[in-house]
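What follows is a set of structures to go through.
Note that chain A is present in both complexes that follow, paired respectively with chain B and with chain C.
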Partner chain A sequence: MNSTIIAQMAVSGAMMGLVYALIAYGFQLTFSTSKSINFGQGELVMLSAFFSLTLLNWGVPYWLMVPGGLLFGVVLGLAVERAGVRLALEQKSEGWILLTIIIGLLGFSAAENIWGRDDRPFPTPISSDALHFFGISITPLEISVAVGVFAVMGLIELFKRKTLLGKAFEAVSADRDAAELMGISATRTVMLSYGLSGMVAAMAGILVSPITTVGPTMASALILKAFSVAVVAGLESGFGVVIVGIFLGALESLTSFYLGSGWREAPGLILLILALAVRPNGIFGKATIRKV
Partner chain B sequence: MKKTLITFMLMSMAATPVFAADTIKIAITGPFTGGSAPMGGSMRDGAKLAIAEINAKEGIVIGGKKMQFEVIERDDEAKNDRGALIALELASMSDLSGVIGSVNTGVVLAGDKHYQEKGITKIITPAAGSASMTQWSKAGVPDLSIFRFAAHDGIQSEMVVEEAINRKLNKVAIMYDSTNYGVSGRDDMMEQIKKQGNKLDVVASEKFNIGDKDMTAQLLKAKSADAQAILIWGIGPELAAFANGMAKMDMKIPLIGGWPLSMSNFIDNAGKNGNGTLMPQTFIEEPITPKVKGFIDSYHKAYNVERIASPVSAAQGYDAVYIFAAAVKQAQSQDTKKIKEALEDLRDPVEGVIATWKQPFSKWDPANEQTHEAFRREQVVMGMVQDGHVVFGNDADRQRLIKNAAK
Partner chain C sequence: MEALTQFFAIYGSLVNFIGINAILALSLYLTLAAGQLSLGSAAFAGIGGYTAGILTMKLGVPFLLSVVAGSVLSGLVGLLIGLPVLRLHGVFLAIATLAFGEVVRITVLNLDITGGAQGLVGIPNHTKTWGIYLALAVVGYAIAKLRYSRLGWCFESIREDETAAGAMGIDTTYYKTLAFVLGAMLAGFAGALYAHLNYLITPREFGFSVAVDLLIFNIVGGTRAWYGPILGAVLLTALPEILRGTGITAGPMRMAVNGLILLLVILFLPNGLVSIFRRSASKAKDSTLAISEEA
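Showing the complex of A and B:
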């Protein structure tokens, strides 16, 4: 009984951890190209989820809603880049920090006014009836989260490695100035990274909504964890977030089982402090040497 | 904004004569938008239905003159500061006969002191936690103009424990949210278990936070301790997370708890996993008597709905207005202080949809809040979620209500 409990807790937690990882991946995408991140990323998750729900309510079938929701995420990502990040980066200022927070707050109030403050169910054709493997219950819905996370991350990584545009992306990440000298437009690449990051946020929203319900505050807890995952894994490491995400998720559930649910958030925070103290570039991050 | 509001308030005060001769001014306040809107909105609609009925008949005859009710509506948005501002505004009206409303304990705690200060009669309905009344008994106020028309937490926890005992269960798990509401609910349930003969063994007592989505840890504790029922005290979508988690882990045991389990954010978010969940209710949307049928039909017709968002709130709003109207009639005055005295000593029974109210309130005694509480155990029934509706949980309750109505 005891080992099944541990396994059950670890599996349930790991599934949530994958969602943290996906959102953290959105942070990484923009950080690698522009050294900036969208502090309103949680609001993108939430707004995309609300938009997707609206599509469903209009009678759009589920599988058509998914690309619609993702497209909306891309548009939001581009809007954030244009309104909050581009000018600040051009002027080499840190204004994007405040601007992305403000845009996020705007998005939050917009959602409250358009869709209200209620938490709403998000219908999905994927069953939530439990399947049992070796005494562990897991729902197809949770499996779909895992599949979705790996699919979207895999596709983006493939895109970065196999296409010309993707290589430009990598080039700007590696060295912005050198890439510009090679004729790659850094501005466009940053745009691309924000678009992709918005899409990833939308994906996270669509995947997690059937489990967490949709409401203006749905992402506020997720985003903090995702941030921890991104920092602990390192803001430059692609798949490191997956490992750290799964680990953190499992650790959280085990903590809340053994120490009580009040301590649930503690391991993530301790991990964050430890990571920053011991490996400031993240467990999977590369130490960057700044040549002056 | 604040300045214009104050000017506006001053102007409206100056503009209205001290006693508008032929109307009885009654204010309805509550959250009509936001998360608590199903309760606030249904209460308002139920209350306005009652007012429309009274006005359509002949109003209330005071000194041979037919008086109509005039409604003032204020949306507190479930925000404490809004609630305080509204109370301040209403309390400054010299010709206000009374106030009906409130859902959120915080709003009540922030606002009611203004009514009490001016001696304005207020009936709290459909909800608000125990603190809304105990704040006055603790302060020992000698005279109180606040009444409560809601099944208080004490009755609810008594019924929850009773239900588990009636089902011949021995081991239960208690789950509660980390808010004041949740923690005091747990204390109430523990006390009731002791009071009702210690027949239940609490094998797990677990807390959860507002916003938690994954209740696997709490449920596994209950499961591994072989709990036969989950007694739960919380508000909102976290309750649905429990129902969904129980389905996932194949825990086919009853989920019993306070009345938030009857709200749409539980019923809709839990879907079919919510079926069978039990909670105390003051009203079930089932036409068991002609009176109840009449109310349900006219509500559906007036607001063009097929289902009342919160039947309990609608019925309480409706009955509260009739009780208030009876007090106005007995007092033969629109003066809020005289209405208060009449409420404390209602001579004629008031026929409502929940029950026939005989002397619902009595003279305020700071040592006993029950004097200003209308609900007793017998007016409350056990409700059960079934396919998106709340139905009677025990047929005995249904029969009892039909029999009471026939008397």
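Showing the complex of A and C:
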């Protein structure tokens, strides 16, 4: 009996962990090309979710809403790159950290003014009636999260390996200067990575909101865990985020089961701090030497 | 004289708040002076505030002693956090300090002695306006003096180029940690003053958005002179009140206004408002945005 409960908590937590993994994957996309990430990524998740909800309220069918929401995410990602990152990167400064935070906070107050502060339910055609496997219940909704996460990550990886644009992306990630000498525009590739990262964030928003409801603060807890997953797995390590994400999600739900929900945030932060203190390049990352 | 009394009756709390914010902005300035970006600076104010508040309220410790205790404890935590964290650079340093701020917030929310989400209620009002501004004057003078001292030059050299500073024989780890700890102590001090200004403090008042505000004060004011952060703090703290005077309710728009000002300053005054007063600052090639250059 007890082991069933533990397995149940672990599985439900792991599903949530996949969402952290997806957002963390968005961090990896931009970090690999530009060594920068969007600190306002959580607000991007939240804004895309709100936009998708608005589309649904306008009567747009669910399966048409998904591409609409993703497109909105791409636009937001590109906007962040243009307004917050490009100038700072050209100056080789770290101003993008502050600028992306500010853009995120602007997005937050925009959402509060447009959609209000209340959490709203997010309708979905996918059933949340539990299915039972070996005594563990999983809802189709949770399965849809897993399917969505793997679909988006798989498609982007396929894009990076099979298309010319994707190979340019890989080239800039590997060596920005060499790629530029080969005639690849690094600026455009960074734009591409921010667009993709915005899309990934929108997907995370659409997948998670039927479970968590939509509200201005919906992503503030998500984003910190996505940071931990990204840092623990390494900001350059591809699919490592999936493993760490599942692990963190399961660990978290077990923690809140045994210690109380107030400590839910603790494992993510402890992992993050341990990882930064011991292996800043991540478990799956390669150690790099800082050059003069 | 009567006009002055009336002014204080209406704007007294704003005047106090400006002074506290200016000291807090200076605490972050100390850390930035050595080129270390921190997104957790508000948490140190929280540590100082809660420590001092609990000491005076529950143990009856005299006001001044509890303020000192608050800032010392904040400094100790700064030392503990600073040693592992300051080895990091750029995005990792930012994430680490952000996570630290979150750890402090969650701890305060979950402990009983801090009053959880309701906050610490019933702290006696001991902080006076003259006390805040006396402290600000002393701190401002010390930081202005520091800039051209041996210590100040060490900070400056690390901020400009950490590798080169290390090659010149400067113990970069020591000075980076020192800057961080001094900043933490000053933030704890300001937090302790703040706790005894209001009847209550809550975890939200030391959250992430406050840490970002402190950064904005520094960037808008300029980090090339000691009075930059004070300028930024005064302007941006008073701005919502000024806007209210002109009929705009800035409540929900406050962040938007701050963001807009930040953007304008970055575009037209890359070294902050300080560059209006200091021509040498405006001539400097690198901008305030370049908090610490990537090696």
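Convention: the second predicted complex is superposed on the first by the 288 of 292 C-alpha atoms of A that agree within 3 Å, B and C clash if a C-alpha of one lies under 4 Å from a C-alpha of the other, contacts with A are read in each partner's own complex, and residues count from 1 in each chain.
Convention: a residue touches a chain if its C-beta (ideal position, glycine included) is under 8 Å from a C-beta of that chain, and two chains touch if they have at least 3 such contacts.
Since the structure is predicted, the reported quantities are computational estimates derived from the model, not experimental observations.
*Asks:* In the superposed arrangement, does A:Phe50 touch chain B (first), chain C (second), both or neither?
*Replies:* Once the two structures are laid over each other on A, A:Phe50 reaches no partner at all.
*Asks:* Once chain A of both complexes is superposed, is A:Ile273 in touch with chain B (first), chain C (second), both, or neither?
*Replies:* It touches chain C, and chain B stays clear.
*Asks:* Look at the residues of chain A and decide whether chain B or chain C touches more of them.
*Replies:* C
*Asks:* In the overlay, answer first, second, both or neither for which of chain B and chain C A:Phe247 touches.
*Replies:* neither
*Asks:* Looking at the overlay, does A:Phe169 come into contact with chain B only (first), chain C only (second), both, or neither?
*Replies:* neither
*Asks:* So, A:Met16: does it touch chain B (first), chain C (second), both, or neither?
*Replies:* first
*Asks:* Is A:Tyr25 touching the first partner chain B, the second partner chain C, both, or neither of them?
*Replies:* Touch partners of A:Tyr25: none, neither chain B nor chain C.
*Asks:* Considering only touches as defined above, state whether A:Gly262 meets chain B (first), chain C (second), both or neither.
*Replies:* In the superposition, A:Gly262 contacts both chain B and chain C.
*Asks:* Could you look at A:Thr217 and tell me whether it touches chain B, chain C, both or neither (first, second, both, neither)?
*Replies:* First partner only.
*Asks:* Please identify the positions on chain A that touch both chain B and chain C, taking each partner from its own complex.
*Replies:* The overlap between the chain B and chain C interfaces on chain A comprises residues 262.
*Asks:* Using the touch definition up top, name the residues of chain A that touch chain B in the complex.
*Replies:* 1, 5, 8-9, 12-13, 16, 116-121, 128-130, 132, 137, 139, 211-213, 215, 217, 220-221, 253, 256-257, 260-262, 264
*Asks:* Mind listing the chain B positions that touch chain A in their complex?
*Replies:* Residues 33-35, 37, 178, 206-209, 211-214, 216-218, 220-221, 224, 236-237, 240, 244, 247-250, 265, 268-269, 271, 273 of chain B touch chain A in their complex.
*Asks:* Looking at the complex, which residues from chain A come into contact with chain C?
*Replies:* 31, 35-37, 39, 88, 91-95, 97-99, 101-103, 105-106, 108-110, 112-113, 224, 227-228, 231, 235, 262-263, 265-266, 269, 272-273, 276-277, 280, 290-292
*Asks:* In the complex, go through chain C and note every residue touching chain A.
*Replies:* Chain C residues touching chain A: 37, 39, 84-85, 87-92, 94-96, 98-100, 102-103, 106, 109-110, 163, 209, 212, 215-216, 219, 252-256, 258-259, 262-263, 266, 286-287, 289-295.
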